[in-house]
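Mind having a look at this structure? Questions to follow.
Labels A, B, C, D, E and F are assigned to the chains in the order they are written; within every chain, residues are numbered from 1.
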Amino acid sequence: MKHRIVRNIRRADAEGCKLLGQMGVATVHEAQGRTGLLAPYMRPIYTSARVAGPAVTVLCQAGDNLMIHAAVELCQPGDVLVVTCTAESTDGMFGDLLATSLRSRGVAGLVINAGVRDVADLTAMDFPVWSKAISAMGTVKATLGSVNVPVTCAGELIRPGDAVIGDLDGVVVVPREDVTEVVKAAQARIVKEEKNRERLRAGEAGLDMYGLRAKLKDLGVVYVDQED
Amino acid sequence: MKHRIVRNIRRADAEGCKLLGQMGVATVHEAQGRTGLLAPYMRPIYTSARVAGPAVTVLCQAGDNLMIHAAVELCQPGDVLVVTCTAESTDGMFGDLLATSLRSRGVAGLVINAGVRDVADLTAMDFPVWSKAISAMGTVKATLGSVNVPVTCAGELIRPGDAVIGDLDGVVVVPREDVTEVVKAAQARIVKEEKNRERLRAGEAGLDMYGLRAKLKDLGVVYVDQED
Amino acid sequence: MKHRIVRNIRRADAEGCKLLGQMGVATVHEAQGRTGLLAPYMRPIYTSARVAGPAVTVLCQAGDNLMIHAAVELCQPGDVLVVTCTAESTDGMFGDLLATSLRSRGVAGLVINAGVRDVADLTAMDFPVWSKAISAMGTVKATLGSVNVPVTCAGELIRPGDAVIGDLDGVVVVPREDVTEVVKAAQARIVKEEKNRERLRAGEAGLDMYGLRAKLKDLGVVYVDQED
Amino acid sequence: MKHRIVRNIRRADAEGCKLLGQMGVATVHEAQGRTGLLAPYMRPIYTSARVAGPAVTVLCQAGDNLMIHAAVELCQPGDVLVVTCTAESTDGMFGDLLATSLRSRGVAGLVINAGVRDVADLTAMDFPVWSKAISAMGTVKATLGSVNVPVTCAGELIRPGDAVIGDLDGVVVVPREDVTEVVKAAQARIVKEEKNRERLRAGEAGLDMYGLRAKLKDLGVVYVDQED
Amino acid sequence: MKHRIVRNIRRADAEGCKLLGQMGVATVHEAQGRTGLLAPYMRPIYTSARVAGPAVTVLCQAGDNLMIHAAVELCQPGDVLVVTCTAESTDGMFGDLLATSLRSRGVAGLVINAGVRDVADLTAMDFPVWSKAISAMGTVKATLGSVNVPVTCAGELIRPGDAVIGDLDGVVVVPREDVTEVVKAAQARIVKEEKNRERLRAGEAGLDMYGLRAKLKDLGVVYVDQED
Amino acid sequence: MKHRIVRNIRRADAEGCKLLGQMGVATVHEAQGRTGLLAPYMRPIYTSARVAGPAVTVLCQAGDNLMIHAAVELCQPGDVLVVTCTAESTDGMFGDLLATSLRSRGVAGLVINAGVRDVADLTAMDFPVWSKAISAMGTVKATLGSVNVPVTCAGELIRPGDAVIGDLDGVVVVPREDVTEVVKAAQARIVKEEKNRERLRAGEAGLDMYGLRAKLKDLGVVYVDQED
């Protein structure tokens, strides 16, 4: 129950994160059994934003970014900073100065369950951010929170070191110990989907390809030729 | 009250749809007496998206895209797939595989009162989609729904074959039997608006051009030179 | 309590507005003590939109744009039209014809606590708009409102002539009598931030640069090396 | 596409409406195949509110209640007034004076996809209302709409004369020609549910009573005794 | 732009406030030209809550109730405390201890653009509160704000000393200098409405009583006997 | 990543849960360091609802209550059923039949991150429920989920057996291993608050009682006697 800053964390495998990032959020989400997807209000600030890496987690008081500053020096190259608050907020808790500081440490991007500002600068820097809002609203630095504790962010549990993947479809978290398994499942899915894509492109009906005609029949489908 | 799949529908005139698409959503909406506009939460996934064509309608259980698969083979070139759910949902019920399948049949685009995923791929394919959300959340294929029945989508009634037009301003539906009449009204409106645009560009006051000074006077307008 | 149209207003200094616009919304908001920021639902219709100028304010009945027409002829070059309603609305109260009319008078842009339409045209004209929604929904011209009275717009008080600044981070209002003071404070902030940016880029910790280690200690921070 | 007032409508059978009202919204909604339920934001203004009767429908401009006044004289004893707008609104379009007028004609209640006011008075009168909001915001009487045309209200199509049933669980519409069939289905459902209720009260597991153990097994359920 | 605490304010006339409270929010809102109504998300915590009195205003950092404590000693018997934040918040910034403190000074009630907690206790105390949310979320006491400055609360400007009236229909503010005038207008309205109520109760059509038949005709109303 | 049903769980101490329930949600939330509070959209269906007990957790597909049926037989007297979905939903996944079944096993109440129906019946049964919505919308029984796994519900992590407390202020979760410690902290808080309540009732200023005058001074408070 006490706030704390945890210095050392176990990180998801870097190569695994990279692969998950290449496969994308929708595939990873499916590959781990349709779990781990953050709420769809988490949107990238520009359309080409993509990120994948282990999470450094930050729990802030809403409207107070003190703990983001405390988190910066615990970040390593390739990390994804994950920020959430103890209450709902859209304040602009993060801007180009913090991005400059994170970039100097090689941090890959930010996922923040609040607002972000200096969006034109962040875009020019190609510093990818997924946020709940864009807002210039400034914040104070007054209240203690935690760094590198398990947090709930946009509806999902994210533990320090878990793999966080973001693209135009949203953000998904993979528990760090599941990365290898999810990579395999995602690769298998991609192979299967590529074959399916070819068949669909050639005009085969999905009903046939997926064997859904039998299912429709079981469910009692009624076909009608035309309604008056 | 029974779910059903209707194979054959009467479609809005193709040429009429094309003309409505060229004139755009705002003009069409005005031309049919300010009716038929879907709720403004329906947004295109990329800014150049435009579509116009007869609707093939799909009613799904929320979180279940079985009936989209059932609808694909009933689509013809130029159709617009319209998907809605029996309850509110933001799940990503549609992605690049379904788009590939629809594209192979010449379908023009999608209007979905739920979420969509694989947005980067859909954009690369230039497959236009209007949706309520972008979400990677996957769906099951378990529950019966209907195809080509009248549906309520984002606040408007859409019947199979009605003309559906989408652009950056939103989505509007025109009853298939009204297409010719609405085309005419929209064309007249465009002619009138072009003249008005010229006059306004030349600096004429809208108050004069629209004859609104009399109206303001009737309503008892009070002009004040300056407030302290 | 009576509706009225005020012909002459005192405008914020043009040069001051220009400087505020160059410094941007986030900086201006901070420079005036974190006040004046409109709610973050006010978003630009295209990403390069920027505006800064004195407000001409319009109070409309929701769904009725009569008073926007009345306001046009009171605008001067460089003005920013600010439109709000007596009740919540997302209707498309403003489109390309009104923009054409405003452009012919040199108006710099629009901030509207409602919807906007003809967005593709407005973008092509590079006419910047911040709105609550994009919607083709048309409006009537039936009910009296006011022009150039103090209004509440997206949570902030805006008086006629106040400086309104908009960019990708949102919209901020500066009372017209505070413009000079805020310009100075913002310039000082920019100088300071540029120095800070350099230090952060060089790898200095924000905790050190801002002197936050002492604050964390005062608040009773607990550092833990590693959690099991 | 033209606005109009329809004087005479075919009404759902009064006795059928009464029976549907006694069985309640959840039962009726299930009995007609889980269709017809209005969005859950439609809430009664007091907890004991219940209504069932044929709809007199009104389509208004948002913020304008002119057409409600036009609808009053077309109402008959037992009718339910259904009001919706051409755009989203929470304005208080209806209050105690209109309720007094409707009551004098024996109208049973109101379903309004907007706001309502004088709620304390309406409660004292026991005049049941389901609305989207409670708001004192007054409205004008300036713009034409329609009476007794098919409308979309809170996501559902309601035609004049359709049976509308409201209680603490929400509002459901039954097409007037389906009332007899739905009454029968609902009665059968009630009989079945009463038996099920007894069995569940006696401690029988729902998994057994509904035969769901086989389904779980088919879906590949995994039972685990205890997690560490 | 500086935060400050203003000790002495001019208060709306006590007798005027009392009369406005008796006439109710909807009547007062209409009587001052349909202005001053707070957004409808401001709801009373219990249905019999009613309040009317001059405002003591508080501007807080979201999630921080320090300034409410600072405001208490500036309150006089009959005052209504009005609390708003510099950013959106639903935190429970106010509970039974603060209510106890306010009650000891004779404060009449609270209007808070945030959350409230200890709602069962506040109800038992009959301490009326209008809030945006009910939430147990606790707050800190860390950041400076202002007391008795003009604030924007739920979309309306409230100045210290303005009359604030709340009931089941919402909350309305009347500028302190307008109280006498609004009382008169509201009284006239009540007299007129009582007469209208009698006529409507007796069955007279609102269309006749308000003279709306002519208006409908002017607008081009179309009556249809029956639709097929 | 696999769905599963866990038969045996470690439950929070019954006596501890009872005590937490008596002290209430706001006090418990504060006593454990302002953590564990579910989002404020979780509201009780009637005002006297109160519950406290160990959680049996259920993770469902949105719109599918199969796993609630699977969970029933794993419940023990005093348990609180906690239901959440893999995607946002307001469907009425729970009604009076499930409540009857749970009641027959002595279950104390329900917390559901979705909709509930048969609310009049549940109220008559005095079966307390906290939900996101009231909706008659029925659900299917088609898709596998999990029982007694850790879930994220309305923004908070709830593990099987954790203590869940609900009252009019919302819902809070206490990790089962922290119950004893939180009970002590809450009891100490209550003692302290009772003393504070007495002092405030007697008229002592909170600024003095909490020692906040020094803090205001440190923050640079500015007192002004009167503004013009």
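The rule is short, and it goes like this: a residue touches a chain if its C-beta (ideal position, glycine included) is under 8 Å from a C-beta of that chain, and two chains touch if they have at least 3 such contacts.
For clarity, every value in this text was computed on a predicted model and none was experimentally measured.
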Going by the contact rule set out at the top, which chains touch both subunit A and subunit E? C, F
Return the chain pair with more inter-chain C-beta contacts, choosing between D-F and B-F. D-F
Specify, for the interface formed by the sequence copies subunit D and subunit E, whether it is same or different in terms of residue numbers shared by both sides, with half as the dividing line. different
Over half of the contact pairs shared by residue number: find the pair among C-E, A-B or A-E that meets that against B-D. C-E
If you average the Cα atoms of subunit C and of subunit D to get two centres, how far apart are those centres in Å? 42
From the C-alpha centre of subunit A to that of subunit C, how far is it in Å? 30
Per the C-alpha means, the centres of subunit A and subunit F lie apart by a whole-Å value of 27
Going by residue number, subunit F touches two or more other chains at 2-3, 34, 86, 88, 90, 137, 143
So with touch defined the way it is at the top, what topology do the chains form here? Options are line, ring, star, complete, other. other
Mind listing each pair of touching chains for me? A-B, A-C, A-E, A-F, B-C, B-D, B-F, C-D, C-E, D-E, D-F, E-F
Residue set of subunit C touching subunit E in the complex reads 1-3, 32-35, 39, 86, 88, 150, 152, 155-157, 178, 181-182
Subunit A residues touching subunit E - in the complex, by the definition given at the top: 61-64, 86-91, 137, 140, 142-143
Taking the touch rule as given, give the residues of subunit C at its contact with subunit A in the complex, in rising order. 24-26, 29-30, 34, 37, 40, 43, 47, 167-170, 172, 193, 196-197, 200-203, 205-207, 210, 212, 215-216, 219-227
For subunit A, which residues are in contact with subunit C within the complex? 2-9, 66, 69-70, 72-73, 90, 92, 95-98, 100-101, 103-105, 115, 117-120, 123, 133-138, 141, 143-144, 148-149
